[in-house]
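Report on the structure given below.
In order of appearance the chains are A, B, C and D, and numbering begins at 1 in each one.
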Amino acid sequence: MSITILNFLIGLGIAFFGFVLQTSIAGLNRKIVGRLQKRVGPRWYQEFLDIFKLLSKRATSHGWIFDFGVIMALGGIIATAMFMPLTSTFNAFGTYDNFFIFVYLLAVGMLGMAMSASGSGNPWASIGVMRALTTMLAYEVPFMIIILTIIKIAGSSLTGIQLYQQAAGNNWFLIALPLGGIVGFISLMGMLGKKPFETYIAPAEIASGPMVEYGGKQLGMLFIMHEITVFIEVSLFVHLFLGGATNIFIFILKYFLVYTLANLISNVNGRFKIDQVVTFFYKWPLILAIVQAFIAIYLGWVI
Amino acid sequence: MKSTKFTPERNISKAETDRKWWEIGDFFRRNSLWLLMYCTGCCAIELPPAMTSAYDMERLGMGPMATPRQADILLVSGYLSLKTLRRLIYTYEQMSEPRYVVALGSCPINGGIYHDSHAVINQLDQYVPVDVYVAGCMPNTEAVMNGFVDLMEQIKNKSANGWKKYHDNYEWYRQNQIQSLGEVDVHDEFHD
Amino acid sequence: MANIELLLLFLLASGIVSYFLTKWKSFVGSVFTIFSTMFVFASLAMYGFSGQLDTTVNVIPVLSFAQTNIGFYFAIIIVFVYLMVSFFHPYFVGEYKYKNSYNVMFLLSLAGVIGTFFADNFIQLFFAFEFIVWTSMLLIPMGKSKKAAVSYYGFSAAGSFAMLFGILVMRSVSGSFDIDLGLASLAGGQATLVFVMFLVAAFSKLGAFPFHIWLPEAHGNAPHPFSPVLSGALVKLGAFVAVFAILRIMPSTPLIDFANSNLPHIPLGQYAVVILGSLSIVFGTLMAIKEDDAKKLLAYSSMSHGGYILVAFGIMTSQAVAGGFYHILAHALASAGAFMAIAAVAKQTGTTKMSELGGMIHKMPITYIVYLVAIISMAGIPPMGGFISKWLIFQAVIDKGMIFVAIAVFFGSIGSFLYVFRPLAALFLGQELREYKVKVKEAPFLMLLPMLIITALNVYTGVIPSAILNFTNGMLVDLGLAPVSITMWDIVGTTGTLNPALIALVFGFGVVIAFIIFIVLKKSKKVTLMETYTAGNFVHDEQLLHYTKDFYAPLERLYIKYTTIMKEFYETLAVKVKEIGRFGKYLFMNKFIGTTILWIIAILLFLLVGEVL
Amino acid sequence: MTNSMTNVEFVQNLVKSNVNVLQEHITDQYQVHFVVEQDQVHYILNILKNAGWIQMSYLSAIDWPEENKFELVYIVFNWEKPVYVQIRTKIDRENPVMNSILPIYPGSKYYERECHEFFGVKFPGNPDYEKQLILENWDDIPPMRKDFDPEAYSKRKFPQREYSETYIVQSEGKSKLAKMEARKQRAESLRGGKK
């Protein structure tokens, strides 16, 4: 297919849509959690207020790498979101929505943020980055084994994976690969940095880790980046395990359910230590993932 | 750009646009106040009820933050000893602008029960500008919440100008700081 | 028409000239070295791509040469790395003790490289191979440690003698040293023997598990400008031998052969290579994470990437092999870039220990960018070259459904984020330490130039890989594999299509959007690095705010006690060898002179009897 | 030592048999104090340490301006026999010098620095007893001495705002109904967070 400027604009629209969607749903989730704790909770658009407030403040900068890293982080994440298909028929770049792009282009954003955080010269930031990378090493391997299984079955294009699940006679991969679904969800919790795996933010422990030196517009941009990252990660789960979506409303519904479930689980959990995160992921999720991959690939039992 | 018949002359000055933007910014700022809790004294005990389900600060868009860079409000809860004041000034200067200071209890107002102590300062607003004082020893939680709502009103009325005052009268604040503390930035054997 | 033999003679001659020039003035000699290397590279590049290198002229009687696609691919990469590194010589060579022989050895080892890759028979390949080992062995001790050279030579010698043994076995079968003939004639037990022997050579040269001990020693202690050559170029000799062994000798039938599926049809020997490659990846990654010396860290990363190359070759599908060849190029560029950046820092500061450095970015921003691009490629992140090769290898691994190999491959890929970030954070970012605030400045232009060229190539290989993949497709055809289907912009794998240029374009687009957001917002206030959040404490020492020591301590704790196993094994082996040697010495040379004479007579008799029989 | 002896008795025996105790006081079964001569402090602390009172818990001083003395209090603790033993001694107030107990209890380094900072007692033998520890940039006589006037210090150091004598009661003139209305509005605004 030929790529025109229109594709780029559609991609940008998807990134913007993802930002708006995730920010609203995050706000709603704060409300839900508030209700869960018998509080009133904030307004549903509170996250927007927070982000725009941060953008309106006057920030401090620790030199060019501090700013450049933030730009690279947001740019990388926007670029990743531009590839994301919303439904099985709507995406910006046709069949180029290769799964590996999401994993590795996401890493550019992460690298940018890590670079910028370390560039601030604050030891907490470096510790936070170290923990974030270590957590990444933990959750990514089980996740990738499950992805290997899915790609082996359905190809590596996200649209292709959605269409495969939606085809008559096929189940969602959450049902077809039940163990894989569990591993995928646990890994998703790790990716989102939700509570048991929240080690790299840990506000009470390392003063919010990588974000320690940010304020004002840099923090605002990182918030935008974070919202889009969450959008990418949750959408990946929806597309990979929940059969994707045939129209945008189903997508939003599934998205909301997945994110809310992750958030609710996170709210009744404490926080792991960083080495506990690693040992946890390399024990049960990895074993389950291997068992699932073995069953699916070698025995061919895909329900 | 030269105006033509079809594009009427835009006579909004730059100051005017800035003011408009500032008002929009004020809307966001007053609805999303993040606190840096400098739990210096006993008034800090009033904050848990303010945050949790009894009074639920989050419904006003407020919440605790980890570092001064991220926070909007520096919340001084209780008496300030000389040592703490140094750190408070340092922290205040690290916050990103606009920044506000809310002081709880009577100690930051006039020294409270520590008015004659050699180690506790008497009036916080001699060192850093304070936007809202919440009196009481200690103020109850309703009063604390009231103080925050007051701050929101001040932001709306553009009277929460403490950070501007600090810029304009920096020399005066500096002089007071030096009178009480000597040099603010201290050296010691552990951090040199 | 460039002639290989003339090039060799030219290198020998210029080696002699550079000896005297360097003796006179080391700067002049080094510049002469740059021009000689440049001449060799230019003549190879000008005629080689169209296959027009002249191999017919026979000046030296015994030697004969041939140009193959594979040989030329390796040669051009390695000569390119040599050329880039030679730009560093004017600034480094003057410091070394034997500075005039440094340039000579450098040029001679380049001659060895050309001799190896254009050799048309095995015995000549072996001698050229040994020539490289000997010359580089003399170069390594000019760095920090003499022991490193011993370890390097030990493993290299084991490798080359194993290869010699394989070559002689092949000769006994086929009756000639010819490469194609020899490889084709093998069958049965001899094939297995040659396969194993060649693999020993490949592994020990590539520094793959279990022959990885020398790699950090040699790379870490070699002279700063020679480390990029070792890691970017000479290690790839192992890959060259591995191509012979893995792709052209097939000693056994496929291992797991599910009748109705497309799952592993990999022969047992190749499967073992894949497993060992996976172990190299995991081992290299874990060791690199815990390493404190930046050069040793990169050396372990070379080991891990050697594992990727082995995995790629072992899988033997055309995608995998193309990925392996592409990885050789991508890693050569990335590793050379990273090592050269570290060398530039070491030139300014005199150390490569990460715990002693910090904040170099403020004084050496261009070096930082070079290093950044190199590690992005090394970690396999788009839009750099490493992504393309890793993507191809992943495609192959997934296509074969190899779960455990996949664990290793993905672990290495994510783990590489960890270890490449470490020097970035500790060495370039973080607090600017007091001792480097004044005297450190950006590297001189002549050093920046090759680094920038390498950076540009790193990006080029990641954005427009089709030209290079076209070339590797030619190599695949030579090896009897189907070419990878590529178009101008797309690479088509079995499970999906990749458009690297599009990724780069979208990434650029995203960055532009982010930059616009950044620039329209209020300008931020500049503060110094020391004005960070310290929970209110007044900290005046940069060292206290600089987190570099034991960066991944929580992770290291989980495996630190298992890291010394291999080293201890080799140390015990060394002790045992020494003991045997001492025992032999005791048998031969004790205080009675008669014993020695008795032994000599006994051996002579034994030989004579053998001769008679 | 026999088993019938309590821990306090054991300490009493130990101290009294070695030094001349001027005065003793048993607070309860876990606390006891002895007042000894200044030059016997090191000796008795040494003995106590060898007997198991290995932890230096605290060192402070008390100012007795009428007697013109400082009373130094060394508190040591034994983890085997749980008794806090206080060794007290009075030293001259005009020239307060006490040899450091650093060789016996290395942990006393910071207590001695603190004591010097707050009372002005000098501890020769402690290499950096004169460095500042807690008070930063202190420029007056040590603040825990009884002749130090904290209020005067506070008046002198800390700037005060002048308050006017007259003040205004804001709610004056308003009717009760209006006040109630205002309160209600306030409550409303607090509940909703809107204004």
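Keep this in mind: a residue touches a chain if its C-beta (ideal position, glycine included) is under 8 Å from a C-beta of that chain, and two chains touch if they have at least 3 such contacts.
Every value quoted in this text rests on a predicted model; they were computed, and no experiment measured them.
S.K.: Of all the chains shown, whose C-alpha centre falls nearest the centre of every protein C-alpha atom combined?
M.R.: Chain A is the most central one.
S.K.: In whole angstrom, how far does the Cα centroid of subunit A sit from the Cα centroid of subunit D?
M.R.: Whole-Å distance between the two chain centres: 54.
S.K.: Mind checking the centre-to-centre distance between subunit C and subunit D? Centres are C-alpha means, answer in whole Å.
M.R.: 66
S.K.: Between subunit A and subunit C, tell me the centre distance in angstrom, where each centre is the average of that chain's C-alpha atoms.
M.R.: Roughly 35 Å, centre to centre.
S.K.: Which positions in subunit A are in touch with at least two other chains?
M.R.: Residues 56-60, 207, 212-213, 216.
S.K.: Hunt down the residues of subunit D that sit against at least two other chains at once, touch-wise.
M.R.: none
S.K.: Name the residues of subunit B that each touch 2 or more other chains.
M.R.: 59, 61, 67-69, 86, 94, 96, 186, 188
S.K.: So which chains actually touch one another? I want all the pairs, not just one.
M.R.: Applying the touch rule to all chain pairs gives A-B, A-C, B-C, B-D.
S.K.: Would you pull the subunit D residues touching subunit B in the complex into a rising list?
M.R.: 131-132, 134-137, 139-140, 143, 148, 150-151, 153-154, 157-161, 186, 189-190, 193, 195
S.K.: Which part of subunit C faces subunit B closely enough to touch in the complex?
M.R.: 525, 531, 533, 536-541, 544
S.K.: For the complex, which residues does subunit B have touching subunit D?
M.R.: 59-61, 82-83, 86, 111, 115-119, 121-123, 125-126, 142, 145-146, 149, 152-153, 156, 176, 179-183, 186, 188-189
S.K.: For the complex, give me every residue of subunit C touching subunit A.
M.R.: Listed in rising order, the residues are 258, 261, 263, 359, 361-362, 365, 368, 372, 376, 379-382, 387, 391, 394-395, 397-399, 401, 403-404, 406-407, 410-411, 414-415, 417-418, 421, 424-425, 429-432, 493, 495-499, 502-503, 505-507, 509-515, 517-518, 521-533, 535, 545-548, 551-552, 554-555, 557-558.
S.K.: Quick one: which bits of subunit A touch subunit C in the complex? Just the residue numbers, please.
M.R.: 3, 8, 11-12, 15, 55-65, 67, 70-80, 82-83, 93, 95-96, 98-101, 104-105, 107-108, 110-111, 114-115, 118-124, 126-127, 129-131, 133-134, 136-137, 140-141, 144-145, 148, 151-152, 155-157, 160, 207, 212-213, 216-218, 220-221, 224, 273-275, 278-279, 286, 290, 293-294, 297-298, 300
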